[in-house]
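Two complexes follow with chain A in common, the first pairing it with chain B and the second with chain C.
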Partner chain A sequence: MLSLTLREAISKLKDGSLSAAELCEKCVTRAKRVQELNFIVTENFSQSQKEAVHSARLWSEYVSGRHNEWRKFGGIPFAIKDNFCTKDIRTTCASHILNNYVPPYTATVVQKLQDAGGVIIGKTNMDEFAMGAGSTDSIFGPVRNPWNYKFAQSGREHDKINDWHIAGGSSGGSAVAVATGASFGAFGSDTGGSTRNPAAYCGVVGFKSTYGRLSRHGLIPLVNSLDVPGIFAKSVDDASLLFNAVAGHDTRDSTTVTDSMDTFTLPDDISVKHLHIGIPKEYHAPGMSPCVLEAWRRAADLFDRVGAKVSEVSLPHTQFSIICYSVLCCAEVASNMSRYDGIEYGHRAKNEDSTEELYAATRHEGFNDVVRGRILAGNFFLLKRNYDNFFLKAQKVRRLIAEDFRQVFGGGVDILLTPTTLTEAPTYSWFTEVDNRTRAEEQDVFTQPINLAGVPAITVPASLSQSGLPIGLQFIGPNFHDKEVLTVAKWFEQQTNFKRLDLSHLDKS
Partner chain B sequence: MAAPMKICRFRSCAIYSRIKSKPKHSHLYKHCRHNSTQENWKGVIGLEIHAQINTKSKLFSASSTAFGAPTNTQVSIFDAALPGTLPVLNGECVRAGVKTAIALNSKINKVSKFDRKHYFYADLPQGYQITQQRQPLAVGGEVEYILIDQNNRYVTKTARITQLQLEQDSGRSLHDEEGRQSLIDLNRAGIGLMEIVTEPDFENGIDCSSFVREVQLMMRQLQVCLGSFREGALRVDANISVHKPSEPLGVRSEVKNLGSLKDLRNAVDFEIKRQKSVLKNGGTVINETRTFDSESGKTIPMRDKERLQDYRFMPEPNLPPLYLYDNSTAAQSRDQNTTNIDEEIQNMPPLPRDVRNKLINDYNLSLRNVYVLVNEDKGVTFFNEVMKYSNSPPNFIANFIVNDLLGVFNANDIKIRNSPISPDILAEIVDIKESGYSTVAYCSQLVELYLKQDITERPKTVVDNNGWRQIVDTETLKPVCVKILKENPKLVKKYFKGKEDKALSSLLMKALNETQMKGHPVLMKKIFTELLEEEKQK
Partner chain C sequence: MLQRRLTYSVKFYIKRCFSSKVPEKPTWVTIDRSKLPKEPKVDREVVDLLERLSLVEFNNQEGVDRLTKAVHSANLLHAVNTDNVEPMDSVLEDRILYLRDDVVTDGNCLKDVMRNATKTLEDYYVAPPGNIPLKQKERDYGNKT
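Entry: the complex of A and B
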């Protein structure tokens, strides 16, 4: 049952061959079985099951013809990254500062999912405030990748397992929730690749739509001008279903585009032979593993073989992306984090001698080193004497990077094809050899320019490496061509026939 | 003419001793006087007016802006800066800003942007204020206002505007020093403010307060800011420095949060005096933020803002640029709630300056009368109403309202807008005075009477019934004058000695008292003169 895609599950619920209550039950059981992956930080099992039972009743009324209406996702379990506000469910951003924070409202995209009947089985683990590329810097501990993972029989023993692969980040928990079958889809956030990176490492689809299509209301920001709610799904069709369900203008987010968006369904019969696929030469980056290069080359050949035009293109400012990102990110982080003072909500230190001391102690205790480091750097960049030299320059570089994409797409290229990551999922021991900042800079190299440009991109599992770990490839399209990106990705998915992770053996024990 | 000062006040002056020895060398005195004005430090002040915008909801959230609600009851999730909340610009606040900018003759930016200004304070939940620093709603402009100068004359002056920006208000902190705790009220947090920044065009306290009063009247007329100083809806920061004319501007201090025109006036004058004395004693003024203590009348440094702040301005990433349209571009607007500048210009109500000019042009009223009438809430309306009923000349009516009526009203703490005396009654009183039907003194009594009692009779009837008519026939007045002369031989002697004016006015006072203030003063004066001159002939 858990091997079904979202699309398949919906059609089975609709014809009555599947029970929503049972489906949720199975997901909860699976979530418990794979608990040691540490992907859920706040469980919402019983509430989601309650709602699923209610949905099951509605479905049976629909199936028996007593009701004409049906809710698209009635009773289907989803997982939500812990930086989306969820009413009455703790939302921590994996940080001490929000450790006991329960929001009084729900993020728009989550609300839309719930309005369509979706149930939340839990809030997923992440890097603190989404700062990281491994889901290793969380107050709840690191997330583990289910691929090649040796599940222990008891909860204690897994501590003895020396090493495992990281899930990628910062939305690692959501990627794992989908990869393990514990949920039929999940939300993450994508600021520099935080959805696409873990999706690639965990062998699932990860979609970052055009900036401004999905509401950020209720998404606790990392970098407001780059953040996009990310969608994790088992298939491209599922990603499209979720995207269509939650996209559109939101009066509470002034950066969402006001034009009405036509909802769409992806065709099953797709032709790509009229398309021009661009291969950016700058993405032949040092450190790329041979298996990733091989997957990339094979994918390009695939398009070439069916008659699509495949050519090398240039995005000359790609090399400046990392440095540009780190300035813009730190500056906005410094600003966004200044609200965490322990006055209105969140952690408050005991030191109340003066307001200043209270702030200092609260923020010292509340944030980890990564967050504090970025705040410090960001405040430095924003100082009056540094603003022009750092922030303004970075904004100009950002414009050049966006211009690169515009020119390539303006020159006739329909879709860009790139790897999502340099390598397959690295091991935890290797990943933690160096600090968060170094890792984030090398991990986001293929994903981050896309956020700076605002364009839509999706990662689709392409193949398994020799060691049996998934490799993802990324498709990038022009602004507001979300449908085209999804369509090409779906065609690619049809050709690759990637075998999703099967954990059904865990259910037997 | 007062005798010129004998010695130069400036002992440092090189020719001081020479003047001292030859005090009558007035040309030297003149020289010193000239020098002394050169020595004088002159105040230079620029202002920042923060005016709460009169809208139902806040600048970026839907919470109410009503004054006086219970603590922390008008706080949305955005106002409390809950994580994940985003600002949504209130179009009404934009419209208010545009109206004000038009009134200030400013250049309105078709595209303006919002910035974050960072500082930590407990009543600033976001840790930054959303304002417009780099590309404000409007730039430039000027305001004409009326000023009472040092010689008590009413003069018009113009001050230049630097910019007008929209920004959020902060919350309120209440510090309990004994209990060592701070209480925060966020009702005010996020209310839309217009910040009007001026060029350093002011010289002293009265100059500043006259300007702010004009802007206040203007905003009231436009209905964009109705709140008062008392409610905290209007607050002024003053940047004050002193320098010698012809020298560059001095180092300035900033006095923050002045909550009344009187405080503004006193704070500025105190600060100028303070800086002058610092400089004269060889000290230097430091760039600092100060606060005004109205009880002691002094400015004092603000402890928590001693160091120069770096606000780390950054563009607000959650708000797209604010686009404004005019008739030629309105069609491009995709948003329904946008502001069309041309429409706002067309719908401008007459501004205080226009009202004053109209009164001067139409009725030739004095600048003082015009100033007072415009300054009073509903003053001009009241004047116009009285005009309808009265036959007296406009300036006579204006004088009566400004001097007689407002004198009594102010003494009784009554505002013209709730005048218990209707315009037609007042018109009759004015006419009684103008025609001499009764005397000045009884006209004042009439005003008092109508103010304090509910009288149904017309003023003329009241005058008749009380026998307050002015005595204007010589037959009645002459015997009174004769009697007074007889009783005051000393005054008569004084008259004959040449102190005619003094003697006459004393005699007149006595005669007026004799007639219970009903005698016609001019007539009686004439009678006295005739009688005394007759006596003199003898």
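Entry: the complex of A and C
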């Protein structure tokens, strides 16, 4: 049952061959069974099961003809990254500073999912305030990748596992929720690749739509000009279903565009013959693993073979993008994090000597080294003496990067094909050898230029590496061509026939 | 037989490599740092200023080193020529963003909003006395100037 895609589950619910209550129960059981991956930080099991029972009743009324309305996601379990506000469910950003925060409202995209009947099985683990690329820097501990993972045998003492692969980040918990079958889709956030990176490492689909299509209302901000809610799904069709259900203008987010959006369904019969696929040469970056390179080549050749025009193109400023990104990110972080002072919400320190002392103590206790480091660096780049040389300089480089994309798309390229990450998922021990700042600079090289330009991009699992870990490839399109990106991704998915992770053996043990 | 298969697969590999549009080698250029402007120094005075502005502490020498590395990395931006390039704030810069009418659309949620505060008094947030500068602390990190 858990191997069904979202699309398949909906059609089975609709014809009455699947019970929403049973589906939710299965997901909860799976979530509990794979709990050791540490992907959920706040469980919402019993509430979601209650709602699923209610949905099951509505479905049976629909199936028996007593009602002719149906809710698209009635009773289907989803997982939500813990930086989306959810009314009456604790929302922590995996930080001590919000450890006790219970939002009085729900983020727009989550609300739309719930309005369509979706149920939330839990809030997922992440890097503190989404700052990281590994989901290793959380107050709840690191998230573990389910691929190549030795699960504890039930009834037996857990063999001490020395090492495992990271889930990627910062939305690692949401990626794991989908990869393990514990949910039929999940939300993450994508500021510099935080959805696409873990999706690639966990062998699921990860979609970052055009900036301005999905509401950020209720998504706790990291970098306002780059943040986009990200969609995790088992298939491209599922990602498209979720996108269509939650996209559109939101009066509570002035950065969502007001143009009307036609909802769409992806065709099953797709031709890519007429397309021009660009291979940006700068995406062959130092440190790329041979298996990623091979997967990228094979995909390029695949398009070539079926008659698409495939050509090498150039996005000349790619190499500087990660530097530009980290300066802009720190600057916006310094500003965004100033709201956490312990007075109105969140952790409050005991020091009551003065307002300033209270603020300083609260923030000292509340933030980890990574967050503190980015605040300090951001304020450094924003100092009057450094403002032009660093902050404005980075904003100028950002324009050049956005211009690079505009030029290749203006020059006739329909879709760009690149790797999503340099390598397959690294091990936890290797990843934590150096600090978060260094890792973020390596991990996000292929994903953050997309956020700087605002364009839509999706990662699709392409194959397994020699060691059996998933490799993702990224498709990028021009602004507001979300449908085209999804369509090409779906065609690629049809050709690759990637076997999703199957954990059904765990149910028997 | 085996030999023939081997030759075939080698040929196939070579052919495929040549046909692929993916570059053979990494394409990034090496940047000559000696041609870049000098990096601003992270000295004791800067450390104190940043801690005051940020209301967070560097914590230790490692924190200072991390900033130094971030500045070292950011300095690479100067290898890019940005003459006559305007800074970009947002990708929606060429659009008129939605502004709603200035009318009250919700309310009566005082309890909901305030329940997250640790200390309140009669519908007020409580803060300790203000306008008192932070106490100077002795710290053992930061480069000597």
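As a working rule, the second predicted complex is superposed on the first by the 503 of 509 C-alpha atoms of A that agree within 3 Å, B and C clash if a C-alpha of one lies under 4 Å from a C-alpha of the other, contacts with A are read in each partner's own complex, and residues count from 1 in each chain.
Everything that follows uses one rule, which is that contacts are C-beta pairs under 8 Å (C-beta built on N, C-alpha and C of every residue); 3 or more make two chains touch, one makes a residue touch a chain.
Keep in mind that this is a model prediction, so the values were computed, not measured.
S.K.: Between chain B and chain C, whom does A:Met288 touch in the aligned arrangement: first, second, both, or neither?
M.R.: A:Met288: touches chain C, not chain B.
S.K.: Taking the superposition as given, does A:Cys85 touch the first partner, chain B, the second, chain C, both, or neither?
M.R.: first
S.K.: Quick one: is A:Tyr345 in contact with chain B, with chain C, with both, or with neither? Answer first, second, both or neither.
M.R.: both
S.K.: Looking at A:Trp296, would you say it contacts chain B, chain C, both, or neither? Reply first, second, both or neither.
M.R.: So A:Trp296 only meets chain C here.
S.K.: Scan A:Ala331 for contacts with chain B and chain C and give back first, second, both or neither.
M.R.: The answer is first: A:Ala331 touches chain B but not chain C.
S.K.: Quick check on the superposed pair: does A:Leu219 touch chain B, chain C, both, or neither? Answer first, second, both or neither.
M.R.: first
S.K.: Counting touched residues of chain A, say whether chain B or chain C comes out ahead.
M.R.: C
S.K.: Contacts for A:Leu392 in the overlay, against chain B (first) and chain C (second): which applies, first, second, both or neither?
M.R.: The second partner, chain C, only.
S.K.: What is the contact status of A:Ala107 with respect to chain B (first) and chain C (second): first, second, both, or neither?
M.R.: In the superposed model, A:Ala107 contacts chain B only, not chain C.
S.K.: Regarding the shared-chain residue A:Leu4, is it in contact with chain B (first), chain C (second), both, or neither?
M.R.: neither
S.K.: Mind sorting out which residues of chain A both chain B and chain C touch, each in its own complex?
M.R.: Touching chain B and chain C on chain A: residues 101, 104, 225, 251, 254-255, 258, 334, 341, 343-345, 355-356, 359, 379, 383.
S.K.: Over in the complex, which chain C residues touch chain A? Could you list them?
M.R.: 16-17, 19-23, 25-29, 37, 40, 42, 46, 49-51, 53-59, 62-63, 66-67, 69-71, 73-74, 76-80, 82, 85-92, 95, 97-100, 109, 112-113, 115-119, 125-135
S.K.: In the complex, go through chain A and note every residue touching chain B.
M.R.: Against chain B, the touching part of chain A is residues 83-85, 91, 93, 98, 101, 103-105, 107, 216-221, 223-225, 251-255, 258, 331-332, 334-335, 337-341, 343-345, 355-356, 359, 379, 382-384, 387, 391.
S.K.: How about chain B: which of its residues touch chain A in the complex?
M.R.: 77, 80-89, 116, 118, 120-122, 125-128, 182, 184, 310-314, 317-320, 334-335
S.K.: Spell out the residues on chain A that touch chain C in their complex, using ranges where they run on.
M.R.: Spelled out, the residues of chain A in touch with chain C are 100-102, 104, 211-212, 225, 249, 251, 254-258, 279, 281-282, 284-286, 288, 293, 296-297, 300-301, 304, 310-312, 317, 319-320, 323-324, 326-327, 330, 334, 341-346, 348, 352-360, 363-364, 367, 369, 372-373, 375-377, 379-381, 383, 385-386, 389-390, 392-400, 402, 435, 437-438, 441, 453-454, 479.
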